[in-house]
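Just dropping this structure here.
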């Protein structure tokens, strides 16, 4: 079977898988961003219990493996009465894991805003919330965009693990095709190239574009 | 507590701890490959041959932007298609070693680029050989800024070893899966795996920071 | 670097008065910018030549090309009568290979504006690195030589300190000792006082004064300190636009400059200080 014939026969399944992978990526990214902002801010809170909670969350999710977390959420959580359907369990696990890494980016970016900005906001008598939303966070946001680009690629790669709980993503489809055809190089090679294209030609250009737009908006371009 | 059974916990703990040894061996072997191969990938991008630089750069990008679990499958299954049969351990070490070599090459590259240009010029002015310049002047200075990244990826490779279970390497995750399917109990094995990972990765991360400070002092750079 | 064979340059300089350094029609370009424009410059053995001029006039490039830190676009540099970055071949001069370059580089020592000491080595280790690992001296001998030189630059008591513990002036003195430990025939000083605090400049210039007074080294120096240049130079070259605009004995060039650009430069420098 030539590679073209292979593609003609299995192309639609690669497309289906890619769509599921894209959906997992987008949903996991949304969750990761929400968690990252929440946990990152909580890490900077003045309240000790709040800070402590965020620290424990971050250390647990960064200290263990995504695969362990995924299995735990899918196989163990139902014992606690929380049953997630496999598609949901997939992006929840990936989002919670990468959110912990993102929290450290948020924290670092907020701390990197010069002290003078905090003082100037204080001098204008802004409330702490106003100060964070109007002054500090917009500047921090710009600073953390480049590392978020890398994190989103890690997130995309992380979604490949959801195939292990049978979510029919790109990884899952390529494994299925491999086990019926034994054309491993074609099956896995095609999937590798698709993941590469998604990272290098979708996520990276999107993040660069976002960096440019935000920089221009904030008068730094 | 939530049907947690301590007798079962203590029954499976020895098996899991034994598998932990395998996990640590996998992480250690994979890291050893990555440390050396990463240096090769980094130095290969510093030769005067543009085409080589470009090719290695693309390879590193490719490896970094595709999932490790897929790379593990690729290495394990593609061999037999062409008559090369790799044992799960061999395939796993190749895949994970290569994956992290790509990451470490970026760490090394950053470290090498952080060494001021004047250090190269002074080495040349003293007529030091290129090998001596690299090993005695540049790499010792590139090392301290690389250590944090190297440490992160040591912990990273350790946390990625569960992916080796997909091709049947008998590490922690594989063992926990086996226990689960034998006993239909998932709570204890998966939780224990998480606890073991935490118990190893958190102190390791702390130790790495201590080691980093120690190296800086040894080199008289703090 | 020119790839073709150069045939209109001698393979070697011969005769009684061969200069220690000769720039022969040397041109250096960065893209469209010509930094050195067909430069001719001879420096005799034991001579101290200072190069002054506005920034961008190519003065530092002269030293960097002598140290082979920069490639050469046109012309040939001779050191001790032999071409520096070319070697005989193919019936003329061809670009030198690495072995030839390393042999020629042994003739030259250099001190940098930012010292460039190796931060992970102590003062004496910095000095011993070259003698032991390039010249192949036994450690004991290299240590004696380095201690002597550190003594000369007044840094013997700091020999076991890392550079991070030393002031700028102290680092520069160690850097001078390090370069001298290689026993070069030509020493290059590239703005060695420019990165120093004013109060420590004297400790470095005094070391160079001693070198000039007590040793018969050939030296080229780029500096912004006109008083210092006037005191110790045998000859001063004023660079402008990649060429030597004017050169002469320090008392002539500083006391009675002939060219308008030299006069402008010197009066601008005087006003600034």
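Per-chain numbering from 1; labels A, B and C assigned in written order.
One rule holds in what follows: contacts are C-beta pairs under 8 Å (C-beta built on N, C-alpha and C of every residue); 3 or more make two chains touch, one makes a residue touch a chain.
All of these numbers come straight from a predicted model, not from anything done at the bench.
*Asks:* Which of line, ring, star, complete and other names the graph you get from chains that touch?
*Replies:* Here the contact pattern is a line, an open path with two ends.
*Asks:* With chain centres defined as mean CA positions, report which chain is farthest from chain A.
*Replies:* In terms of C-alpha centroids, the chain at the greatest distance from chain A is C.
*Asks:* Measuring from CA centroids, which chain ends up nearest the centre of the complete protein set?
*Replies:* B
*Asks:* Which two chains does the highest number of contacting C-beta pairs join?
*Replies:* A-B
*Asks:* Can you give the whole-Å distance between the Cα centres of chain A and chain B?
*Replies:* 21
*Asks:* How many angstrom between the C-alpha centroids of chain C and chain A?
*Replies:* 55
*Asks:* Find the geometric centre of each of chain B and chain C from their Cα atoms only, then give the gap between the two centres in Å, rounded to an integer.
*Replies:* Centre-to-centre distance between chain B and chain C: 46 Å.
*Asks:* At least two other chains touched by the same residue of chain B: list those residues.
*Replies:* Residues of chain B never touch two or more of the other chains.
*Asks:* Which residues of chain C touch chain B in the complex?
*Replies:* Against chain B, the touching part of chain C is residues 67-69, 102, 105-106, 108-110, 112, 114-122, 129-130, 133-134, 162, 164, 178-179, 182.
*Asks:* Quick one: which bits of chain B touch chain C in the complex? Just the residue numbers, please.
*Replies:* Going through chain B, the ones touching chain C are 116, 118-119, 121-122, 124-129, 132, 136-137, 140-141, 219-221.
*Asks:* Hey, which residues of chain B end up touching chain A in the complex?
*Replies:* Chain B residues touching chain A: 2-3, 61-62, 64-71, 73-74, 77-78, 80-82, 159-163, 165-166, 173, 176-177, 180, 186-187, 190-191, 193-194, 197-198, 201-202, 205.
*Asks:* Can you list the residues on chain A that touch chain B in the complex?
*Replies:* Counting only chain A, the residues touching chain B are 59-60, 63-69, 71-72, 75-76, 79-80, 153, 156-158, 160-161, 163-164, 171, 174-175, 178, 182-185, 188-189, 191-192, 195-196, 199-200.
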